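To keep things clear, I will list the structure first and then write my remarks on it.
The letters A, B and C name the chains in turn, as written, and every chain counts its residues from 1.
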């Protein structure tokens, strides 16, 4: 069960089982989208499954998550999203109103992003065999010219950029489940980040070393993956991390760290120092990128780890998530 | 966040750290024990060790209610919930604690109805909403949490909610501190007292530490400035050759404690003659059980508890780490057989356990020369 | 045992009940005031919340006093250093 939460358990499943048996590799860093040569042309391809409870929540629903999630994987791999195909696994007894609402939401999200839904499939399983609805999306994209995403290209002194506030999605879902009886004016941040990525690449492509969308497992997990892949240290400045008040309040109340909470509409990038300002500026000038900021830097030590530092000189390691973020009282 | 952000102000933190450096005698090595798991967590989370001088050592005490719970008690709780009519509820802290057959979360994956609650009152609410199920609440915590369980049981009785029971594992802090001080391998100079337990028990219960053991104690809050100020207080006492109880956390801790909370506890609980603490052994009068007048709401009296004792693997040195004799990294299993992902001992399971805190926040930090230190 | 957060009472209990609504930077939850019956908080008061129960009323005055004490740390020492600098102190 911990395997789907993102973080260490998921990673081990993918790296230890899928990679050697299916992908034919277990030594290269895993990326958000793969490159495949089709008739001499390079195509980016990615796939993702969406399991969320509840199906709808403030700010969106499973349908939008599915479309935006796949678009974002393509975007952060340096590709323009072109088309997606969708499969639904539906639990018998699911109301057609619910299904229709999700299909509409997907269509709307795809239209907004300028991406074509090229086809799909549906299966219905017995009641109790699926948690109402599981959605899988596979996306195709065109790799953008002059863009090379490679953790090995990360250098000391490179800057870490973040597109906006963290933790909105994960906390919204946690509150929407209702078990904790907490209420807040929060919405999921689900959206396509492609317009932001494109704007940044237009002016700073040669300086972009790496990008990732910090979904399950949060910023901490994505940056730990980077640190591991490039062997360097990621130093984050605690006071620079953008966190909305309500997310902060919920995290303090529940003993959670915003760095471990899922995001569905943000992306991280590592940019060389000479392009960092121009990249940040491009994000600020693009609708939706106003809250982008520089949150850290690449250092030597501690190798392959993420370190959060405070203004008064304190620091702590932030590790990948182990399973789901659990509220605590101690 | 009001009453939080002010106590994380970098400028004032630097000033307070300077004062600590001024007060600490460079020829001395100070050993201060912070009793509460919440302090352990705060110290690591805020990186406070980085700004303290090297001759001040913070020892993590046994104030982690998850860590000191013997594995057998987790097995007992899970056994009670085997019946599909039972809903097993507990705080998030308990969910990954391993019993001999797995943790509550692992039991959930195998089909048991296991739910996280934020409050014991949420568990009672579940009982109201599910009249044909029995809701069992696995209660843990020191005196901070016990009053809330007590109040919940009082409400259950008043409202006549019969499909609810509590499996009580509440423990008390003073016997644990005594056990530490009685330990022959202990050498401590002063205590950072547990601030939130003290909102209930007040500051009086610590007077023997100052009077009989001659150790200064400052009851401390949990923000960086609270902990640093508490350290200033005990350093000043030591410099003046004093040993007394001071209340650093005045804004929240009443010297006399919370009478209503203590009354509720007295009505519902009584002390067990003895209780086993993982890593510390059996300690008398150190844990709470539910009174016979509330027998119907006591999982142990209502159901059959297996009561099997599970001893820890000999190689696990939880006891020595709990007592502050060993540092987490000095345990032979640390980082190898015992990690937060697959914990052998409970100090690795709870995020406030010394081993987990050290593992998660600290042990990979090499001397980071690139950080800029306050002047 | 220790995670407790300050929250502001934004809605008081209905007659006879002990549940009040508390807010922590925009997050709201019903909190039980049953442990504060000897010193019931009112609308606008700040309380310390632990597992959905209010444990204590927070004294704004004590919080201010604490911050003032800490802010003044080192000022007495600084004054002494200035005096030494004037060469007034005896060797």
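The definition used in the following text is that a contact is a pair of C-beta atoms (placed from the backbone, for glycine too) under 8 Å apart; a residue touches a chain by one contact, two chains touch by 3 or more.
If you're wondering where the values come from, they're calculated on a predicted model, not measured in any experiment.
Trainee: Using the stated contact rule, I'd like to know whether B-C or A-C comes out ahead in C-beta pair count.
Mentor: Answer by contact count: B-C.
Trainee: Any idea which chain sits dead centre by C-alpha averages?
Mentor: Nearest to the common C-alpha centre lies chain B.
Trainee: Using mean C-alpha positions as chain centres, tell me how far chain A is from chain C in Å, no decimals.
Mentor: 38
Trainee: How many angstrom lie between the CA centroids of chain B and chain C, rounded to a whole number?
Mentor: Comparing mean C-alpha positions, chain C is 22 Å from chain B.
Trainee: Pull out every residue in chain B that's touching 2 or more other chains.
Mentor: As it turns out, chain B has residues touching two or more other chains at 1, 4, 37-38, 41, 64-65, 91, 118-119, 122, 141, 145, 352.
Trainee: Of all residues in chain C, which are in touch with two or more distinct other chains?
Mentor: Residues 1-3, 5, 24-25, 50-52.
Trainee: Please list all residues of chain A that touch 2 or more other chains.
Mentor: Those would be 180-182, 245, 248-249, 252, 255, 328-330.
Trainee: For a test of understanding, state which residues of chain A touch chain C in their complex under the given definition.
Mentor: Residue list for chain A touching chain C: 180-185, 245-246, 248-250, 252-253, 255, 328-330.
Trainee: Which residues, counting only chain B, touch chain A once they are in their complex?
Mentor: 1, 4, 10, 13-14, 17, 37-38, 41, 44-48, 50-51, 64-66, 91-93, 95-96, 105, 108-109, 115-119, 122, 141, 145, 224, 340-341, 350-352, 360-374
Trainee: In the complex, go through chain B and note every residue touching chain C.
Mentor: Chain B residues touching chain C: 1-4, 6-7, 12, 15-16, 18-19, 22, 36-39, 41, 63-65, 91, 118-122, 141-142, 144-145, 147-148, 151, 194-197, 199-200, 222, 225, 229, 232, 250-254, 258-261, 264, 352.
Trainee: Can you check the complex and tell me which residues of chain C touch chain B?
Mentor: 1-6, 8, 24-25, 32, 34-38, 46, 48, 50-53, 55-56, 58-60, 62-63, 65-67, 69-71, 73-74, 77
Trainee: Can you name the residues of chain A that touch chain B in the complex?
Mentor: Chain A reaches chain B through residues 1-2, 8-9, 179-182, 235, 239, 245, 248-249, 252, 254-255, 299-303, 305, 307, 309-319, 322-323, 326-330.
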